[in-house]
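Structure record follows, encoded as structure tokens.
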Amino acid sequence: MPDEPRDLLEDYELGENRYGKSRIRLVTVRRGPTQHNLRDLTVAVALEGSFDAAHTGGDNAGVIATDTMKNTVYAFARDRLTGSPEAFGLTLARHFAGYDTVGRATVDIAEHAWVRVPTDTGPAPDAFTRAGDLTRLVHVVVDSSRSEEVEAGLDDLTVMKTTKSAFTGFDRDQYTTLPEVDDRLMATKMRVTWGYRRDVPGDSAFDFDAAWERTRAALRNSFAAHFSPSVQASIWIMAGAMMDAELSIDWVRMILPNLHHWRVDLSPFGLDNPGEVFVSTTEPHGLIDATVQRRAPS
Amino acid sequence: MPDEPRDLLEDYELGENRYGKSRIRLVTVRRGPTQHNLRDLTVAVALEGSFDAAHTGGDNAGVIATDTMKNTVYAFARDRLTGSPEAFGLTLARHFAGYDTVGRATVDIAEHAWVRVPTDTGPAPDAFTRAGDLTRLVHVVVDSSRSEEVEAGLDDLTVMKTTKSAFTGFDRDQYTTLPEVDDRLMATKMRVTWGYRRDVPGDSAFDFDAAWERTRAALRNSFAAHFSPSVQASIWIMAGAMMDAELSIDWVRMILPNLHHWRVDLSPFGLDNPGEVFVSTTEPHGLIDATVQRRAPS
Amino acid sequence: MPDEPRDLLEDYELGENRYGKSRIRLVTVRRGPTQHNLRDLTVAVALEGSFDAAHTGGDNAGVIATDTMKNTVYAFARDRLTGSPEAFGLTLARHFAGYDTVGRATVDIAEHAWVRVPTDTGPAPDAFTRAGDLTRLVHVVVDSSRSEEVEAGLDDLTVMKTTKSAFTGFDRDQYTTLPEVDDRLMATKMRVTWGYRRDVPGDSAFDFDAAWERTRAALRNSFAAHFSPSVQASIWIMAGAMMDAELSIDWVRMILPNLHHWRVDLSPFGLDNPGEVFVSTTEPHGLIDATVQRRAPS
Amino acid sequence: MPDEPRDLLEDYELGENRYGKSRIRLVTVRRGPTQHNLRDLTVAVALEGSFDAAHTGGDNAGVIATDTMKNTVYAFARDRLTGSPEAFGLTLARHFAGYDTVGRATVDIAEHAWVRVPTDTGPAPDAFTRAGDLTRLVHVVVDSSRSEEVEAGLDDLTVMKTTKSAFTGFDRDQYTTLPEVDDRLMATKMRVTWGYRRDVPGDSAFDFDAAWERTRAALRNSFAAHFSPSVQASIWIMAGAMMDAELSIDWVRMILPNLHHWRVDLSPFGLDNPGEVFVSTTEPHGLIDATVQRRAPS
């Protein structure tokens, strides 16, 4: 019987491991007297803890089935999805961290934005349309010692600056052919996350929705206003603006593809191209990933 | 030499055929004194005509290279992408229909909507964000006898009604288990196209942008307002409303997946679920495809 | 009440329409004494017929629920998915065409290939792996007068010729910059379908599996052997070879993107590039769509 | 000037950061006297190092343009992509680690498998088809102190066991509804990576291709042979088998979605279902992520 798990323990040991349920698709409708409210979340749960016996011994006694995780998300959604997605994530993660075998519970939520359908008589009370630029992210980690972390963010925010972007003065060697450009398009599909101060999760009065809105507004303002000498510098500037605007945030991470737009050479056709006609590309793309953090008070 | 093309002509003949260039990704920036205007199109060109020699004889003399089609789109974008995507499509299709070997030219355009980034000081003059619900479609066909057709539409419009939707009274047989429901969620990702009257393409004063906006507004109003006894009936009602609103349209086609949202049974957990918690699904899905057309005047 | 369906009938009429269930994901396991057999199908059902009342009157009495279609597929899979996917498609389509309100039933099947996991002791009896190049397509249409059509095919077959492909002698005009090339890479992702003779569906002895294998073998042989002066000519040659090999086929349609591979200019780095290093691209791409048909006997 | 980068330095500092080029699509054709050899790689380069000035000061002097990275990959492919993808990754990463500002260079490679088209006269010398189950992964990290790490792996390997899989004895609480099953389908889309011993990268005689093949063979054998009490236990067993087979590997990580296949209840249609008919699903899915490591010698 070469596959007996116990034989392997002499030579191997279990390293980092986690398991859970992903892509739990949850929609809620709250039916008020004058209008409905619609929410649409994709939830993932992941647990770490004392699961060695399941791995190395085939003993599932301490295993919470991922189907049970899914059921729990739907059951909790009945009464407890009433505020921010961060609060719902904390409620779920605290529940899962309470199992004996769980050392750490992580809940990831993507909340997909829907807006009321605009009509001639105003926003519809019970008809909605998906808005493209508003996937809100939540990442909550609760461990069995009740240490809690909350991150928030947004994903899939595709944006473009049509000026105030340059890329000059970079290193040139035998493999460099890129010309310097002092006015280029800068396009990216943003994934931005940020971490709240350690005392925020336990503060039941903290308004995650307002913090998210303030942070997003700062990102928008800064994206539109700043001059970008590089994507790297843009991250630094935008992240700083976000933390200036929202004091509860300790750090901001941005993962920004540089979606190149190449000016088309129209000279073969007897035409100039003063920055008007571009080819939009997706591959290859630059990819800049940086975290900016608030300095500890001295 | 078993692969000599000419041998095959005794037994086989060329049937319907077309060729062209797809996924031409075009971005234009018009740089006005106070603000920029950004447009983002994906263009496809397809030609039909006298291309038998290329197929059956390996003779490319009459073949317009698809690379040339791509070049033409970019060159025309320099000066001629100034109005509606329909007008740009007509300009391109008329050009391609003018080649000796071309009998019919088809141009498809998807225009991806970008909106100005909202900032504290108003919409940004030179920073943009992709809007999710606004892919505008154009389909133009011009043949060498100058017959011209223009279709327009929209794609990827994800919408949901949280009430005023039912499905009852349907056929029941030995394979039917679906219960009747008099209040359900109706969610779909719309692909809607419509055809303009034959005299519209040649009317240089016709305002395709205004027609598109009127038609879209009627779709939104109707989607929000109507009671839906089935997706089939919804198509009939919404298409009628669109043609009521825009007299230049002869027909409307809708291809609507029925993206089922199943009410979660929470009774195992001691909870009721009065239409509040749903599982969102994408497969399997219903798919309803229907065209509604204006009656010819009697 | 502007949304009353009946008002619209004065001005509008229902045109072409169909509805059904898509993305029915079906896996079967047949458990033989020495090994299991695994099949994996995605099925879609679409019905046309007398469904005007559902559209224009909100009357669902003749509507077969798409949920019922799904149930039927699973129920029929219990005992009747024993041979070719074409036979299963015919069985399903004949069933649906038997409803009073149905004029025509269409069943589309994509069968996803799995192969036994190769092991040191031979192919596994009960472990399988998805094979990438073998999505088999079936398209069956049965109408209530019992006219029956069967098409078959394959999808997602990505192939490349590294020589014996050229593109020269094409039209040159003011927008042409493409150089002539007498040796290029030709890469495509094939979608190939073909139609069986009218008497085939009713012939219970016809072996669809063997016909499919013969046709695929001819496609492979021809793809590898022929010299391609253009994608258009390749279609002609390969389609002819397929019909030479399989006499039950009346026509072959190929939709072939031309996935361009551009030779990289390495001269800035002091290197030549004799057709060794290429950039693989997906957009823009050429797209060639042609049908070749067997001539009627004279 | 609120966007001046230097103002931010009082309050914020740059944290972890990296940048590079992703999705570099590289195809090479080596033209031997009797046959061609085709390779198809997607390469990503990422650099870490002294890039603070670019972020916080807008000074690009030390920045290697991502366009230069791309050029380098193509130039190196001319002569230096002759062996394993691991060797190519090491060559690239060592080059990039040699820049003054670079502290660490990471190269990720996905090699997409193509096989010769089978023909009646044997495998084609110059025609190829994509094989679906063979994306080979390489992850190489070289830092400026010449510490080198090599990981390998495979991705997108979709597999299924039709028996010898159970899930029983798991925790049951108020949210548990999943029945115990002693014979179920287990399907997953494997992403498996493993790390080579520290001395392997510097050993020019080490045969990465052979090691990859041995490891993959052990994975296949073990997947087919073992009895699975849970996905967690399967990872433990398969990872152990892989390290038993390949002594140069120190650890194996598997990220395995549990792609549920639900037995269809056919009793409403008067049919039994003895494990023959299943619904294949993709969401929600379980997700198990675990690393198994070789014990240090005592």
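The first chain written gets the first letter, and so on, giving A, B, C and D; residue counts start at 1 in each chain.
Basically, a contact is a pair of C-beta atoms (placed from the backbone, for glycine too) under 8 Å apart; a residue touches a chain by one contact, two chains touch by 3 or more.
Note that this is a predicted model, so its numbers are computed, not measured.
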Interface with more contacting C-beta pairs, comparing C-D to A-D | A-D
Select the chain at the greatest separation from chain C, using centres from the mean of Cα atoms.
-> A
Centroid spacing, where centroids are CA-atom means, of chain A and chain C in whole angstrom = 38
Report the inter-chain centroid distance for chain C and chain D in whole angstrom, where each centroid is the mean of the CA atoms.
-> 31
Return the distance between the CA-based centres of chain A and chain D, expressed in whole Å.
-> 23
Hunt down the residues of chain B that sit against at least two other chains at once, touch-wise.
-> 25, 71, 75, 175, 177, 225, 268-269, 282-283
For the protein chains shown, what form does their contact graph take: line, ring, star, complete or other?
-> complete
Considering the complex alone, what residue numbers of chain C touch chain B?
-> 2-3, 5, 8, 10-25, 44, 46, 51, 54-68, 70-72, 75, 99, 101, 167-171, 173, 175-178, 222, 225-227, 229-233, 235-237, 239-241, 243-244, 251, 253, 257-258, 282-295
Contact footprint of chain B on chain A as seen in their complex | 25-31, 36, 38, 40, 71, 74-75, 77-79, 114, 117-120, 124, 126-133, 157-164, 185, 217, 220-221, 223-225, 261, 264, 266, 268-269, 271, 273-281
Okay, in this complex, where on chain C does chain A touch?
-> 174-175, 177, 268-270, 282-283
